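Heads up, the next two complexes both have chain A, just with different partners, chain B and then chain C.
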Partner chain A sequence: MMDLFRKLFSNKRAEKSSYINVFPSLQKNKEYIQNQLFHSSDLKWRSIRFNQLSGLIVFFESLSDQQRIQNEIIRPLEEKKEGNVDAIIASVDIAKKSDLSQLPQSLVQGNCVLLFEGTAEAYIVGMAAENKRNIVEPENEGAIRGAHDGFIEHLITNLYLVRKRIENPSLVVRYYQVGKATKTKLALLYMQNLANPDLVEEVDQRLGSIVMDTTISPGFIAEMIEDNPSSLFPQILFTERPDRAVAHLMEGRVVILSDGDATAQILPVTFFAFYQSPDDYHSRWIVGSFIRLLRLVSFIIASLVPALYIAIIGFHPEILPVNLIFTVKSSIDKVPFPPILEALLMQITLEVLREAGVRLPSRVGQTIGIVGGLVIGESVVRAGLISYPMVIVVALTAISSFVAPSNEISTATRILGFPLMILAAMFGLIGIMFGILFILIHLCKLESFGTAYFAPVMPLRIKDLKDTFTRFPIWSLNQRPHDPHPKRVNQERYSRGWVHDDPEKE
Partner chain B sequence: MILKKSKITQGQLMFFVIQSQVGVGILSLPNKLQATAKGGAWISSLIAGLAVQVIILILWALCRRFPSDTIYSFLPKITGNFLGKLLGFAYIVYFLFSVSTILSFFADVVGKWVLQTTPRWALLILTLFTCAYLAKENLRVIARLFVISSFTIIVIVILSLFGYAHTNITYIFPIMEAGWGEIIKASNAALFPLVGYEVILVIYPFVEGKSIGKLKAASLGSLVIILLYTFEVFTSLIIFSPEVMPVISEPLLYMLKGFSFQIIQRIDLIFLSLWIFIISTATVSWLYMATTGLGHFFHRGEHKKAVPYAVFIVFILAMIAQDPAITDLYDRMIKIFHYTFVIGLPLILLIFSYLLRKRGA
Partner chain C sequence: MKRICFSSTFIFVFLLLTGCWDQDLLKDARLIYGGGFDLEPNGKILSTFVIRDVPVSEQQSPKNELIYTVGNTPREARHKADNQISRNIRTYRNRILIIGEELAKQDVHQLLDVFYRDPKSPFNARIGVAEGKAKDILSLKKVGNVLIAEEIDELINSKEKTTTVPKVTIETIFPVMMDPGEDFVLPYIMKKGKRVDVSNSAMFHKYQFTGTLNPDESTMYLLLKDEKGKMATLTKKISIEKDQKKVYNFMTFNVEKSKRRMKVLIQPDDQITVRLDLKLKVSVLEFPKDLLDDKKRVARLNQILSKEMTDLANKTLKKMQKARCDGLGIGRQLIAFHPDTWKKQKEDWGSNYQKVHFVPKIQVEIIKKGIIM
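Here is the complex of A and B:
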């Protein structure tokens, strides 16, 4: 409590004392800026004469575009010699400041500062250099059909990608600055006519209340604003695909983009959003439905199959037909470990292999394939340490978990398997059922930004189920999903106008 | 007074009633009814259902007079502060007792059918831990889960439909073998497996909408359960001959054990696994009723704080009930409790509140 007071107090004091007028003396100003920036080596200045006054252009060579400074500031000023600075400088972004203490901050943002002898004002001209990579398809979120562009680390480009897709005045962008030290720029995007105002207000408030020094990955922001940070399930959808972000915007959700990161954060989302992929909507609806169902089934496989195997082998082998039991048992009898130990060993090996695969450069990556596939898969069984069925079970689990279109949920699924395995080893099928019940209760409890996480199943809303487990034809999805509580639920009544408009068809 | 967050819809009320009612009884009911009513056992369960509807009407009429009060807060308004609080505590005891009876029966069945060597305490802890995790949530979250877990009932019906491959309809004849007197006597026994509808005493004020809609929802929920029970009793009656019935205590499980699919040989295990959902939801429902009371008296309405020790009491009670003699005692006590707290007392209270013209704001 005392600390808090002290902090508040010191903050106020710092603010009060911070205002300094720009000195009329050029030398003094220069000294002040240099001292404030600790004589950093990449701080450059160039003197200039204008209106018979000696002036100074200050900028960071690492941050500002020197070509532009030359073309847009120095050349016009040298040519005209006299006149109004505002009119002569050919730049979009120009401002006058009389507060000297603000100059270092605008310098580190890539601006260029213009000072004149005898003038107590400074011009700040936006001259930030733009070094950005090309727009490419995100590697970890590929799609077969549809758009192949992805977000990059440049906020303005990302905004462009979204705005280009929604050419609508209702799309609103709000900027935030997070991180006391790093001053990371965030952009909050939403559709004014769709997004629930309460939701926008809540997100706005939470973003505004973030207090921290450093903001690096989007995970930082996600952890700062999500409702249940200790849950295993991700509650904010990360994506690098603009089409995915746009689709969610049009459902009345909110997107957060951050400068310096290619990931968009979509919220609030439900569990099922993690299993939807833009590909579903590009293929025919029956195919799309089939594939989506497959993904959800693979979620169940990935989290349940090892546990089921352990329960059946350890507790209820009689549930299987006799022939099958003999086949499985003959392989297991040679193994010295109980099934739970086998499963844990194999699962952990798998996780290690996966992690190694991510870290290794692709040229060495092949080694992992050989080590993983041959040594661990084949030899471990030959040596009699692990049984064949267990290898199959673990392999199936791994493959199923990677089906999920979102990496966050795929990892969560595999971790979910561990407690279920332990329960299965202790209580058999009964244990698994309690585990499932526990997970269901947890999912039922989770709410993010006022939206139930497991909607539309819990709470049940039959209409929204059309686009949950399956994907109904797009023309039958006349309502937006209800879970983000959009302002307008109905989208349109008849998408296929010709079916109803054509009287001669009768 | 009641937060928007803890309000539930009438549809959710229906599922709440359903989930509170289906419990352990479904397994042993056919056996119990057949013992007295013979071939007319299914009629007994229908009659019991009718009686339940009447009781629901009484409970509803009582709750309707106090639209924003749970039983714990309207009892003192009718009977005066001291007696009202005493009765409130009696209800809490009744609810806690019911939970432990359900759980001890559950532990018995699971111990007999699935986990023969697992210690009882381990099973109880697992169950109670899971249930407490849900019971400490607000009503809306609980209702959400209840809606979803009701789908298990459909699966259970489908599983029992497989039994119709080996039926013999003549087993139920003569229907009137035992006579009306016995059938009605049996329906008395069928009242106990149907308990759970008294949940409306506690959750009535949390339901949105008009009182008549609430009555409809509660009645519909109990109707679904009565039909389910009657269906299961009927199925058991035409599958097992009258001679076999008395020896098998859980006819449904025996029936399912008898047949098998291509890859799954033991359907009864699948059934029991699904049954866990039903047991847990019933447990949660009773726990919620009890803890709401405890919360009302000790924690200024925060039922969450009462959950840990309520669960502990239930655990102790369920651990005691291992001996058949004690189980029997529990059974008899539950019967008395049930008559007094669900039928007798509400009726008296209703009459009193009419006579004294007491009603809530």
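Here is the complex of A and C:
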């Protein structure tokens, strides 16, 4: 029964549209287009004479480049007076259409339509205006060394950024259109010789099956194709850095770019991909390893420390060393709330401050610093509402969560802290243990596009651990990570060829 | 849908009902820093609790509050103390436990029973025997600027490092207490005017306090037990020539390395002989008498020191035998290597131990003599 319904309402229905021949009468055509576009005010037309026929150029002044229309259509036609239209118009993108019903759609895509009296055909010339911002470094994904360019809202520019980095015929781009109403353009990128064909097919199928009216942010598409939308952990890596996207492409993963958005979606990824940053590979490998370990430790700190603190203060104070216990005790003696309330209060304050900081215009931004830092941090303790250790714990949590190079995982870790905190307040360390157990079970069970989310730890693959917790020297990474099941796992054998070639070394 | 809603509410409510069942908030606790037990003339136990209160502001220094209660058992006394003080008494951070001399002569095992039952009891707390009453020592309240229980705890800690008193906690003495073939030795805490002195050791036989060792003997015992701390400093009188001036006739030295070999031998007539070989490498800390650049003199000094130390060892072992304290674990050696002998002797090991023949042999070698001298 359900299948029947699905078939009835499937995407195919949207594609069927009535075919109308282009009328020979110019007036009729004009009326039809105007009616179809509801007499929109920014729809413009201009009369022209060519081959002794009166013609009409129709375009949207908001979408088409009027300068180009003048230079590439009007001027050549006026100068030549007669001849073959295809040969005269100096534009790359020109097509003949006899279906009148397709014209409004091509007009809203920025094309310019050329009609002639007595001709049952229309010329569609690509005249879309290109208004795009400069390529700048993404603000929320800065890196110290390495490339400082970032994706922008223009799909073609983004594709250029990727293609420029991988000058290889194997890089494949596939276009999709998603959103019945908005018709958002998507591009699926993958390496033909690396990406697993099953993966590509699966992504292709899922992208094709999306049914919705509007696609605005990449979050829409991510939610549509994700395996487990109710999980707390992000399963698709969002990035605005082309170098990051390219690195993942070369590991056999798939990148989805969408027009009108600067975010590339990388899939399938593992949990640890969220803790890798291009900076790791630009610094020396020992430094890179240290920083990556630091990030993973900060994940544990951010999700666990508030809960641990609550459990210790509320259930097991005996595990504190003697010098510490009196320091802590002197601070918490006068606090009127139970530890869980104290922690929730501070954590929520922190989230509010963070959110306010994002929304606030930079000119008023200083207020946040004063209100947040001084009032909340200092006065709350002075007034005896919150204890010093709790402020330290929350501050530590905040700082460690912001260490993550991906904003999605950083928010997820902080949210993860809340259930653990409640468990800790109810059952102490036992509760935390069960909480971690559930999280680990969930992480091990999670799959995205046929890839284990917690790889290479679970399923364990020792070779991939080289580039997971630490970053081994690049010449020692002879194999690609196994989790996206690339077609070719082995990379080059001896990257440092000179070591073997140099006769004096032997 | 209704069923899911119902069951999830059910689970949620039940989870909330259990909430905070085991909660034991730190802020509601009154922490005991140290405690003492004494024997009352009527056979009851007088307990002294030192409660540490920390003020909120950083300027004020912490204070001690002392509570004295009398009860039949330590736990009863603690409950009585709880009645006298606001919030809950918590012992989990107790650092030091002092047992009065008279009570120690009765039965320590029964006294400590509660510590071995309570899962939250402070196992790593130090334990010592007080000269006289524990109450009197704890009633000092402050020694200099340091609060009493903290002072005793840190004093014992530093004395453990100088090999003056054995390194014991409530936890480590338990297996020894339960072992028929070994006895334990505790620090012996004395009151000296307004200060506390920890340098002697209290010997136990089974569960009873039976005698003390003076500082030198205590160090020697620890060396014989092969439990040297970071330092072990001794001062011995050296009389090479018959000298008139007697003031500077002493040498202070530190044991740098010590190597012990113990062998328990059984004669056919079941006479137990214990051979103790101790090799000490010492550094001279103070010897105003002489330069030590002459090898012959050094060799002579080695001989004298060896003899002095052997004498000290003999004295120590005699004293231990008199107190029936098998601190070196001779009984344990018999259980392990001579079970037949042990079976014959275990019934009355205390008095049989007194018949053990000890042959200590200590060799001292001076290896360091300072920078210029």
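Here is the rule we go by: the second predicted complex is superposed on the first by the 489 of 506 C-alpha atoms of A that agree within 3 Å, B and C clash if a C-alpha of one lies under 4 Å from a C-alpha of the other, contacts with A are read in each partner's own complex, and residues count from 1 in each chain.
Heads up, the rule we're going with is that contacts are C-beta pairs under 8 Å (C-beta built on N, C-alpha and C of every residue); 3 or more make two chains touch, one makes a residue touch a chain.
All values reported here derive from a predicted model rather than from experimental measurement.
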{"item": "First (chain B), second (chain C), both or neither touched by A:438", "value": "first"}
{"item": "Partner chain(s) touched by A:339 [first = chain B, second = chain C, both, neither]", "value": "second"}
{"item": "Which superposed partner A:329 touches (first chain B, second chain C, both, neither)", "value": "second"}
{"item": "Which superposed partner A:452 touches (first chain B, second chain C, both, neither)", "value": "first"}
{"item": "First, second, both or neither for A:49, with chain B first and chain C second", "value": "neither"}
{"item": "First (chain B), second (chain C), both or neither touched by A:318", "value": "both"}
{"item": "Partner chain(s) touched by A:428 [first = chain B, second = chain C, both, neither]", "value": "both"}
{"item": "On chain A, positions contacted by chain B and by chain C", "value": "315-316, 318, 320, 426-428"}
{"item": "Residues of chain C defined as touching chain A within the complex", "value": "15-16, 18-20, 22-27, 29, 31, 52, 54-56, 62, 90, 92-93, 95, 120, 122"}
{"item": "Residues on chain A engaged by chain B in the complex (per definition of touch)", "value": "315-316, 318-321, 324, 423, 426-434, 437-438, 440-442, 444-445, 452, 454, 457-460"}
{"item": "Chain A partner contacts - residues on chain B that touch it in the complex", "value": "12, 110, 114-115, 118, 122-123, 126-127, 130, 133-134, 137, 141, 143-145, 147-149, 262-266, 269, 272-274, 276-277, 280"}
{"item": "Partner chain C, residues of chain A touching it in the complex", "value": "312-318, 320, 322, 325-335, 338-339, 425-428"}
